[in-house]
Amino acid sequence: MMTALLVLVSTVVGTVLSSVLACLPGLHVYNVMGAMAMVFFALAERGISLPPEMVLPFMAGMIVGWSMLNTIPSVLLGAPDESAMFTVLPGQKYLMLGRGYEGAMITAVGGLAGVYFLVLVVGPLAPRFLPVAQSVLRDHMHWILWVIITYILMSEWPKGGNRGPAGWAKFFDAWKTLGAGLLTFFLAGLMGFILLYRSPISTGVAFQNIMPAFVGLFAVPWCLLNMISGTEVPKQTVSDSLDIDGDIILRSVGAGGLGGGIAAYFPVVTGGIGGLLAGHATAQRDERIFVMSQGVSKLVYYVGAFMLLFVPGLGITRGGGAWMIKGLYTPRTYGDYYMILASIAIAGAVSFLMMSPLSKLTIRLIERYNYRHVSTAALIVILAMVYVVTGWIGLFIMAVGSGIGLIPVLFGSRRLNCLGILLLPIACNMSGFGHRIAEWLHLI
Amino acid sequence: MPPTIMPGHETQADIHCSHCGRFVGALTRCPHCGARMSKRMSLRAIRVFAMALATIGLGLLYLMSTHRQIPSIKIDEIKPTMNFAYVRVAGTIQGETRLFKQGGKVRSLTFYVDDGSGEIPVTAYRAQAEELAAEGRIPRAGDRVEAAGSLSVSADDNILMRLQAPDQLTIIRTDLPITRLAEIDESLLGESLAVEGRILKIQPPLPDSKLPWTLDLEDESGSRTLTFWDDAYAEIADKVLLAPGAIVRARVSVSSYRGKLQLKLGPGAALEFPQAPAAQFLAAGLGVPAGRPRKVEVKDLRPEMAGQQVRLSGRVLSIKAPAADSKEPYEVVLQEGDASVQVVYWDKVAARLTQSKPMIGVLMQVEGMVSVFKDVLQIKVNRADKIVLLDVMPVSEPVVRQSQVMEIGSIGRDRIGSVCTVRGKLGEPQSIRSGVQYSLTDDTGSIVVLLWDKKVQGSNRNALKAGMTIVATGELVDYKGVLELTLPSDQALQLEE
Amino acid sequence: MKGFSHFISGVAAASFCPWAVQAATEGNPLYFILGGAFGILPDTLDFKFYRFFYRHDLYIQPDSLQPDPQAIADALAGAVAQAQETGKTVRVKLNTIRLGADYWQQYVIKFDSDRQEVRVKFGPVVNTGQAPVPNSQPEEPAIGRSKLACPVVQTYEATTRVDIFDGPTFGLEPDQKGQVLLHFLPWHRNWSHSFVVGAFFALVGWLIWSWQAAVVICAAYAVHVLEDQLGHMGSNLFFPITRKGRSPGLHWMHSGDGIPNFGTVWTSCLLIFWNIYRNMPNPLYHFTFLKLILYGAFIPLTAFGLAHYLLTRRQRAEKQEIDNADEWGDSMAN
């Protein structure tokens, strides 16, 4: 009984904490979990050992809460400036139509549907089927990664070249964006090799080797572009209902569950890649399905990856959260698994209930304070976090990552290409020739 | 018609062309009228800034990293926050390296390094492990190493280092002190030792069996049995020297099997022959097991007979000498009737085959041990005097020996296996599978003369007719109780009319 | 079919080659990469290379500030007349009208064979998902009409919507009967979607790598060509042996249809999984192909289909009451 209460309280505390932190733009849950992990390690060194019934539900609550509530800053905090960017993200479309609240809530419904999917469908079936899949696919992960890389690079569509007479000028105009995409991918890949083999970050915090780069590739460009954006956020209306039905939810779970599941299961594949593959595979057109499936996909990816660590008989570690947990505790039993499923369910409910009030609060915030200032504050928080964890060298790496991360946004290619930082070196390593490339680069 | 201002564009600046008023978005030149768009300074600056940071910044990061030394650490300094750190450790190898093979290929190897402050397993996977094994750079117990790789630190103090490149491993070979066999007891369980002694006996495993090889070793203090499997046997250099009486030095690990102490040979060429001159007096191949050799026919050889000493004879069908500086044996294929077998012997035997050097076509008798290597049945000959040429005339030269013509009636069963020359009149040809036979008759008797298609092709055979008188030289065989003369070649025939 | 369907079909084709699976277990991803790359290559060649060099005779660029359907109709009619008079194919490019990063002014073109005229109408503003922006549909849209010099025979859809990204091309080809054949996207699936071209790439692959690579390339390329025969456009199957004309296609699906695309992707994934499994020397788990289909396809898809059916009962009932599409294919219900 006490254990159950401890699990419940730890879950709720973790969920509430991460739900609030998730509203801060640019802050990733893995950064926060990394900081928490350092606290736990420090406590352990002083002889204070926290029970797994406290740590694991707390971390589960953090991941679920963040996955659900992170929608708020991505939809509400930031207005797309079409004089700088070539594409408008789906959530931003809702914002610019004054329906930001609706967009955020539709995404949250997707997240809740994702929780149902994980707990009621994946949960019972995973111990039975995933070990079978793993035994077949284990030796083939490397080429699956290569195939995904090939598709990412080959499937990008040229944004230009639509006007003018036929010829090389038209061709080069079209290939500018494609070239920017390829450049982004390979620059990020080179950066990945450097950080994997010869990271200049102190070995004492090596478990956060890649964090400054990721912050630079994704969070900093977002903050910077918000800061210089020439757009104002229109007045937002808070609707009492959402324009969705059961079929929309079902199809969103199908598309998002597929995308998030792919990202959760295959190493290195992130939610964005999973979403891309699932979106192309399911060919959905309805924008509501697109937005909701993003919520499903994000939750299934982050929480599903975390959950895989606990699936009995599977023994795989996916996602930064699971890697951090692995440093603290090795799950072994069905008891651990059911505890995590229960934590996910509780956290899903709590975080969804927090969605509406926090969304309304954020809308009041952006009506009162300029979102540019909010982004500036977020940028300062990010810089401070990177500096505290990894020092000056981490800030430098973050700056380099920012340069690479700005290229796709400013030149019209996919931001997904930034994931070359992990995809390329790890695919090379899994195929057995990563060390040759590292030797050729004089990294080892 | 479309609304003048699209939703969300109400407050957006610089998205329409200042000349024609049409949408241009993020483009710097209007695609409709071609006018250049003047964007906000901050936007231009960010674009330049982005490209500069990405390229120049990455270059600087690269230079910084490549000029940075891989940090060396002590094993007891490793903390959970050091997961994924690329570091260097130096220490001594504890125990033998464990190799994991799959499908005959090395999939991974793991060795333990002790730097005095602690011990850490270092693992190389796949390509790196294969490369290390192929180069023979497998650390042995007692070696000093320096290894650089990425740390994996997980809960329950589960720490290991992944070797990312074979070049990141430096090995300084160290010889372990020799341990007397009598001093090996249970207190040394798990330890790796070096032993030296004289081989008393070697027992190979039966074909298709998973049992190990056993080697009885004796030194001045006592004797012990070493065990090793086929993969370790394959790594032994100078296998020719592996025979009773040879002095060997071996690295072994002490383990227990069914309550008894077991000495297992370590991986990576763990067995050496320190006293090479003494080994020269030994024959190639394994030691001679006890028992007299059994006379068999080639066709009766079976894999189940592996380990048995046999004597057989046959015609030399082919000879394959090993390449220079190769450790492979000579391979001679002997044929007896329809069956053939491969006879193998090494340089030490070949060097002594002066009078008995095999030639194509000669009849050869060998004594050796039956063995199976890569599914091929072989006779391993370990002494030069176990190879005897029964018939020194190679088939490439004319073989008819007129001076040795004998009466057909004088040929008895005691001559089976020897070469006989007869003269007589040919009977009608009878086709048989893969050849033809004739009866050959003289005044004293008749005999069947067998001409196999594979061996006897040429003008002499083509000219054969019933009633013709010929002289033929061939080997006398017994086929289902009937004596037959098997000719080795077309040159073994001489037509007289 | 969509690009991902072709891509994963190519990977599935590669998985049928035992050497591909064997090489993969030894750390060599080459054959699967070739399978995927050549599975998608025909469309890549068209959309990322060839179309930028495809010469057009007439570019129609409607004015976003003063959209005039009559001008578009007149331009199209003029192009038909030119084709008939000169006896040569006239290539017409219809450009899209971009109003924002996510806004496009839609216009619709219809060739009416009965009245021998072309009609053009401006529709609503749509987003990149082709969903109409609210309140952007003109209340009384102007329709441009122009008489055609001769009958126009359409080989594709009756109505062409021009909205997002790059606009379509019409190839107006006069025939012997005094008619003009209208080819939609004439530069697409022409030389690039040919078995012969696939064989050529296979030969190059043989020269660079091995015959095994050639087989994979050929198979993946051929799968793409065959999949495209399911649609409305077909392709020039044996270019350069056959110089002109695309096969008609089976008209079983449109390239963007969700169910056929997803079905192809899911089937390909199951086949890949099965081919990997059956080439395992010592599998830990044992199952048959039927069992894989049962648990991997039949049960989940049936469950999904059933849920979808139950959730859309009311919508289906409402839709069946009246067919409310107008001649342009637009719904007349607001």
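Letters A, B and C name the chains as they come in the text, with residue numbers starting at 1 for each one.
Simple rule for what comes next: contacts are C-beta pairs under 8 Å (C-beta built on N, C-alpha and C of every residue); 3 or more make two chains touch, one makes a residue touch a chain.
Note that the structure is predicted; figures quoted are calculated from it, not measured.
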item	value
Centre-most chain, if every chain is reduced to its averaged C-alpha atoms	A
Dominant chain pairing [most C-beta pairs in contact]	A-B
Inter-chain centre distance, chain B versus chain C - centres from mean C-alpha coordinates, in Å	55
Mean-CA-position distance for chain C and chain A (Å)	32
Separation of chain A from chain B, taking each centre as the mean of its C-alpha atoms, in whole Å	50
Per-residue overlap in chain B, given as positions that touch at least 2 other chains	7-9, 15, 25-26, 126-127
Multi-chain contact sites of chain C, meaning residues that touch two or more partners	27, 61, 100-101
Overlap residues in chain A, where contacts from two or more other chains coincide	80, 82, 85-86, 88, 93, 162-163, 432-433
Of all residues in chain B, those that touch chain C in their complex	1-3, 6-9, 15, 20-23, 25-26, 32, 103, 126-127
Sites on chain B touched by chain A in the complex	7-15, 25-26, 31, 39-40, 42-43, 46-47, 49-55, 57-58, 60-62, 64-66, 68, 70-71, 73, 79-87, 126-128, 148, 150-151, 153-156, 158, 164-168
Chain C partner contacts - residues on chain A that touch it in the complex	80, 82, 85-88, 93, 129, 131-133, 135-137, 139-140, 142-143, 146-147, 150-151, 154-155, 157-158, 161-163, 165-167, 170-171, 174-175, 178, 245-247, 250-251, 254, 277, 280-287, 290, 430-433
Complex interface listing, chain A residues touching chain B	37-38, 41, 79-86, 88, 93, 96-98, 162-164, 187, 190-191, 194, 196-200, 203-209, 224-225, 228, 230-232, 234, 323, 326-330, 396-397, 399-400, 402-404, 406-407, 410-412, 429, 432-436, 438-439, 441-444
Chain C residues touching chain A - in the complex, by the definition given at the top	2-5, 7-8, 11, 24-25, 27-29, 32-33, 36-37, 40, 44, 47-49, 52-56, 61, 95-96, 100-102, 127, 129-131, 165-167, 256-258, 261-262, 265-266, 273, 276-277, 280, 283-285, 287, 295, 304, 307-308, 311-312, 315
